[in-house]
Amino acid sequence: MSTETQRELGVAMIGYAFMGAAHSQGWRTAPHFFDLPLRPAMRVVAGRNPDGVAAAAEKLGWSESSTSWSELLERDDIDLIDICTPGDSHRDIALAALAAGKHVLCEKPLANSVAEAQEMADAAERAAARGVVAMVGFTYRRVPAIQLARSLVEQGRLGTIQHVRAQYLQDWLADSRAPLTWRLDKEKAGSGALGDIGAHIIDLTQFITGQQITNVSGALKTFVSERPIAEDLSGLSGTAGTDMGPVTVDDAAVFLAELSGGALGVYEATRFAHGRKNAIRIEINGSRGSLAFDFEDMNVLHFFDATEPSETGGFRRIVVTEPEHAYVANWWPAGHGLGYEHGFTHQVVDLVTAIAQGTRPSPSFTDGLYVQRVLDAVERSSHSRAGWTEV
Amino acid sequence: MSTETQRELGVAMIGYAFMGAAHSQGWRTAPHFFDLPLRPAMRVVAGRNPDGVAAAAEKLGWSESSTSWSELLERDDIDLIDICTPGDSHRDIALAALAAGKHVLCEKPLANSVAEAQEMADAAERAAARGVVAMVGFTYRRVPAIQLARSLVEQGRLGTIQHVRAQYLQDWLADSRAPLTWRLDKEKAGSGALGDIGAHIIDLTQFITGQQITNVSGALKTFVSERPIAEDLSGLSGTAGTDMGPVTVDDAAVFLAELSGGALGVYEATRFAHGRKNAIRIEINGSRGSLAFDFEDMNVLHFFDATEPSETGGFRRIVVTEPEHAYVANWWPAGHGLGYEHGFTHQVVDLVTAIAQGTRPSPSFTDGLYVQRVLDAVERSSHSRAGWTEV
Amino acid sequence: MSTETQRELGVAMIGYAFMGAAHSQGWRTAPHFFDLPLRPAMRVVAGRNPDGVAAAAEKLGWSESSTSWSELLERDDIDLIDICTPGDSHRDIALAALAAGKHVLCEKPLANSVAEAQEMADAAERAAARGVVAMVGFTYRRVPAIQLARSLVEQGRLGTIQHVRAQYLQDWLADSRAPLTWRLDKEKAGSGALGDIGAHIIDLTQFITGQQITNVSGALKTFVSERPIAEDLSGLSGTAGTDMGPVTVDDAAVFLAELSGGALGVYEATRFAHGRKNAIRIEINGSRGSLAFDFEDMNVLHFFDATEPSETGGFRRIVVTEPEHAYVANWWPAGHGLGYEHGFTHQVVDLVTAIAQGTRPSPSFTDGLYVQRVLDAVERSSHSRAGWTEV
Amino acid sequence: MSTETQRELGVAMIGYAFMGAAHSQGWRTAPHFFDLPLRPAMRVVAGRNPDGVAAAAEKLGWSESSTSWSELLERDDIDLIDICTPGDSHRDIALAALAAGKHVLCEKPLANSVAEAQEMADAAERAAARGVVAMVGFTYRRVPAIQLARSLVEQGRLGTIQHVRAQYLQDWLADSRAPLTWRLDKEKAGSGALGDIGAHIIDLTQFITGQQITNVSGALKTFVSERPIAEDLSGLSGTAGTDMGPVTVDDAAVFLAELSGGALGVYEATRFAHGRKNAIRIEINGSRGSLAFDFEDMNVLHFFDATEPSETGGFRRIVVTEPEHAYVANWWPAGHGLGYEHGFTHQVVDLVTAIAQGTRPSPSFTDGLYVQRVLDAVERSSHSRAGWTEV
């Protein structure tokens, strides 16, 4: 429990859109449910629009607002920079922050290119030697059902992993009149479905299986090449205007994959799957059992134990809300499920704990770099219709 | 496997509507998938309409047709009478058949009153002494998932049964313009949803738990009291005419129940549950585990084993299509599910086997009588708003 | 958006266990996602144990702690009393608070008896004349899927409601060694499963259908009459000691119901349904369609529209996370589901809005009283085995 | 309805294992539920083992048995040859039968190579000119839910198809000690999971979408390269002996696909997905809606109509058992679901009807050839790690 003398961790956040709101909820909520070794102080939120960022500070619970992230790096009362901007600014902010001795939490994907990600990972390694840590925000790892999946694989309950089947399906672009936002602009976003949502299933499946994707054979597709330019933004969408602009990223990405432990993977990420709202669907088949997860039912993990007698064997629908499950004991009684944003609270807990303990939090920038390399391999495989491509 | 010298079992069936078609498929199919100790010979189908019954004979695979069921009882080549008529004729046919030394398979509910059912059960007892057997057609018992449910309870996998939750939901009367058929006529059908479909969940839950319903507290309800008289019948429905007639049975039946082993039951049968087509839903909770079944997914049984560690405990979705499951080894490979009518084939297998072995098949007329007594207690409780009523 | 000059609403909360934590999260979170017309100020949390309540204040985000709830009523900076204690103290606190001119939010069930609830409802009526409001905390109403259910019924999409089927299934007492806590003590809790969880499905089904339960026929059952006395409490459970004590409440409650609009209801509440963690399951069948909900998949509502052609008719699995759905636009993009605690935030939003607008929030103490009368009728019906009993 | 003067269709079946049993059930059952324009006469079953085939004739309902399929081609009372043997004999039997003027029904995959399939398709074209028809047995097309899927796409209810996602998952080889059977021998079976089960999802998705797969990029994998030689065969499995033999086919096949109408496909077939028994899972996303099907719940089709208001939009769980659905009116009332084998009855109905009407049944040998070309392209892509490969 926090005390008078508990040390504070001064936090500044850059960006205040969808991810900024989610991260803020994490920073605000964590101390009320978990006993943190450091007390997060939500000092500053930074952004380019002075009115916007000032309003965000009040709404999201930050003490101050700023229009200059670089100034924040000079402040002694800021210990950690939380990067919630689009991917094109991740590298600059992260490098500067680490150089200034600030811990960094950076939203995924780590960067818009392998080269940028490599610089960041290298910088994180150097910073670690000075006790400064860096983490990339693959928050879905911190859904209790995903933690249980990882644990079952680690315990050997699945045996040798043979199949990985992963889909991230959304439908918010299936309407061809949905407006053009920064997520459809290659300069800002790096890629489309591939980096935005495909990155999550790459990370999740590598995390769960403990294997790395070593080779891919993929295809990217843009179904709608031109859209009305957005005039007013909120959340993932906005209001369509009358002028049209080009979509410069993929609408969908599919790829086959070979994993380091011999598993065969099939991946698909799309925003064109009508009726699927945020369906992160992962199935793992191993020699001793199988797992299945769908974020649309996020408090549940399905587990098939092939060592059961076949008369009573079946996928178990585990409601992952028991005190034994990761993070759950700090929340509610069994069956009182968590929601999307809880992962951001868990992220704060794990990050703050690592900082206090002097350990390096996971996933690291090196993990983020590896995901970036997989994304890059899929793009290379796709653009040249090259088939199998090494990561 | 059948041989030249295999003894035949001459069968005559009375009635050739929905149940007649289902029974015929059972008689036709059983020998091709199971090794029967007697070879069923589909000798005669009987009915009142000469043209109708002649057409049925050809369509359903019976060698002859007849308009007089009583004549069939005098034939030496008829060993078994299969009664598929509405409930108002069950008693007369069954008593005569047993008296004539014919084995009897009688559709459920056994009769339209306890008095009739009692006579039939008494006659069956007397007949048994002469080696003549009688069985009532609660075929849903013979769905492999139901057999597995029974087996798990018998093995003690559920511990002491505490809750029984049973619903039989259909929607074919939810449209107030659906026509009046014999199933809505108390004279013919005895009761409405209560006896037609409620009887099934009474039988199934008693079968699975091995307990009897001893007290009930119920209510019957008729939502639509008048309907257009049917002109042309097929399956469960028909074409509505312009004349109206009174509905004299219940549209829905609900009741609480106490079971002999201390379980508390909640039962509901209705034909007014829009969107539920043939949803026989049964849940059993015991001190060591739980079961759940829904006939709309009839090849699946859900089983929760409370002795599992809670970290990995969950309802198992058992796909009941493994060779270890009842009846399944004679059909298809795992996952190649069975349908509604397979229960009728299993019924033939079990009945013919009992006859050949000289054992008494189950469920007996006494079992059918007990269901009738439960139905009667529900009616008594309901009509007088009497609350708890002894069976 | 809140401004410098925004008026504050001073809040004090009594009790800080499970419900206190949930209410606190609501008070803390609401201003960050919703534009509230008043700014809630979390002034004081009160409780009997000085150390416990002081720790709770810090953990849950209250400025001060107090061991005397009555003193709080004299403070001018407290506008609202939020009652999160067991049911035996609801009446005293609420009456005093209303008399002192404080708005009241009271956890459900409203009281431990109809007499108490009646006093409270009367007091709330009198207070309303003075502009002081009272609300009872049936938060499940504020799950977006439940709001949609209510809206569909209101719009007539279900036609005339004919069946209500409601279950609240938990399993935390299924283990006979689970310890004795205040929820198993009739003096503290009023009743067992009936009032604790049965109250929720009574309220929810009355809310969704717009009908009142007028008659009930029920049964209560205590499966385990003696349990080890709890030594250390957390959440719903605790650590079992070695001394045994009597369970003085019901473990399970079942009842049939007649509703004011002609619907037939079947209700069941139990904490003995192994594998069901917090399964609030509600099905409504009407002449034009059906609804189904299960809190174990709380972001989903199933809706069957019987006016669809039968070729393509089917229960629609509506993922209730679209901006059009109640409360959702203030949270996350589609498919990023909410969790259990969000209802408490919505409760704050609705209550604060009503206070600012000078309207009376819903559900009122009169609504809470009516639920109490239903609970009482079920108890009367059960204890005398009386069958149908008027509410 | 059949009459005295109804013309017969003499049928001979070659092979009597799993597929022989399924086809026999189709031939036996069709006349009892459907009004066929020709009366199938089950004349002869042929096979190499005299005792085995004689027993099969009796068990499966064929009048005679034969050890020489070629002799049957000379008989005037045989009008149709039904080929149920492994793939390596399809070409010889089909060519001879068509040359002899016999109609042919051939199990899938059509042949073990494109060259063989091409010969067969050419022969079928020539035969058609003489009024002799040929059909390939992709029976899953005749599941009512699949027919509904096809119909919805044809009606434009899905708009432009953008994604095809198809998996055929089984687990009967996941146990590395499962014995070696002919299905694991490339000489007999042509390929492994690819041709055996992958062929089905290729055919089904082409059928539903009305598009052809034009390019593929795939991978085949054999997880277990050596298995115990089977000693006793039944169904899909057998008893493992002590000698080991090589697995010469793929255990799993995955591929990306481009379809002729612009859709992007992802396909996966495996027998190593523990817990998935016969999961044929197909999802189609189009610009106006989506479909989802899983054979483990074969009487259900899920349909999302994107033209619905988003407040009430959702995947509809259509129970495909209404009289309006293909084939269903001839079976049972709504909700009384069909099983695996019903497709074989529907196949007989469609084939016999086409023969009587002088039309060409579907799927044709040309359709079967096209599937074979897709299989071949996947093999070519896989064996050379070639990436995208034209069909």
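Observations
Order as written gives the chain letters A, B, C and D; numbering starts at 1 within each chain.
We take it that a residue touches a chain if its C-beta (ideal position, glycine included) is under 8 Å from a C-beta of that chain, and two chains touch if they have at least 3 such contacts.
Labels paired with UniProt names: A, B, C, D = Gfo/Idh/MocA family protein.
Predicted model, so just to flag it, every value in this text is computed and none were measured.
The interface in B-C, A-C or A-B that matches A-D, meaning over half of the contact pairs are the same by residue number, belongs to B-C.
Taking the mean Cα position of each chain as its centre, A sits at the greatest distance from subunit B (Gfo/Idh/MocA family protein). If you average the CA atoms of subunit B (Gfo/Idh/MocA family protein) and of subunit D (Gfo/Idh/MocA family protein), the two centres end up 35 Å from each other.
Subunit C (Gfo/Idh/MocA family protein) and subunit D (Gfo/Idh/MocA family protein) have Cα centroids separated by 54 Å. Taking each chain's centre as the average of its CA atoms, subunit B (Gfo/Idh/MocA family protein) and subunit C (Gfo/Idh/MocA family protein) sit 42 Å apart.
Multi-chain contact residues, meaning those touching two or more other chains, occur in subunit C (Gfo/Idh/MocA family protein) at positions 171, 276, 313-315, 319.
Interface of subunit A (Gfo/Idh/MocA family protein) with subunit C (Gfo/Idh/MocA family protein) (complex): residues 1-2, 18, 22, 24-25, 28-29, 32, 55, 58-61, 170-172, 235-237, 276-279, 295-299, 319, 321, 323, 331-342.
By the touch criterion given at the top, residues 148, 152, 301-303, 305, 309-319, 322, 324-325 of subunit B (Gfo/Idh/MocA family protein) touch subunit A (Gfo/Idh/MocA family protein) in their complex. On the subunit C (Gfo/Idh/MocA family protein) side of its complex with subunit B (Gfo/Idh/MocA family protein), the touching residues are 162-163, 165, 167, 171, 174-176, 217-219, 221, 223, 252, 254-256, 258, 264, 266, 268, 270, 272-276, 283, 285-290, 304, 306, 313-315, 381, 385-388.
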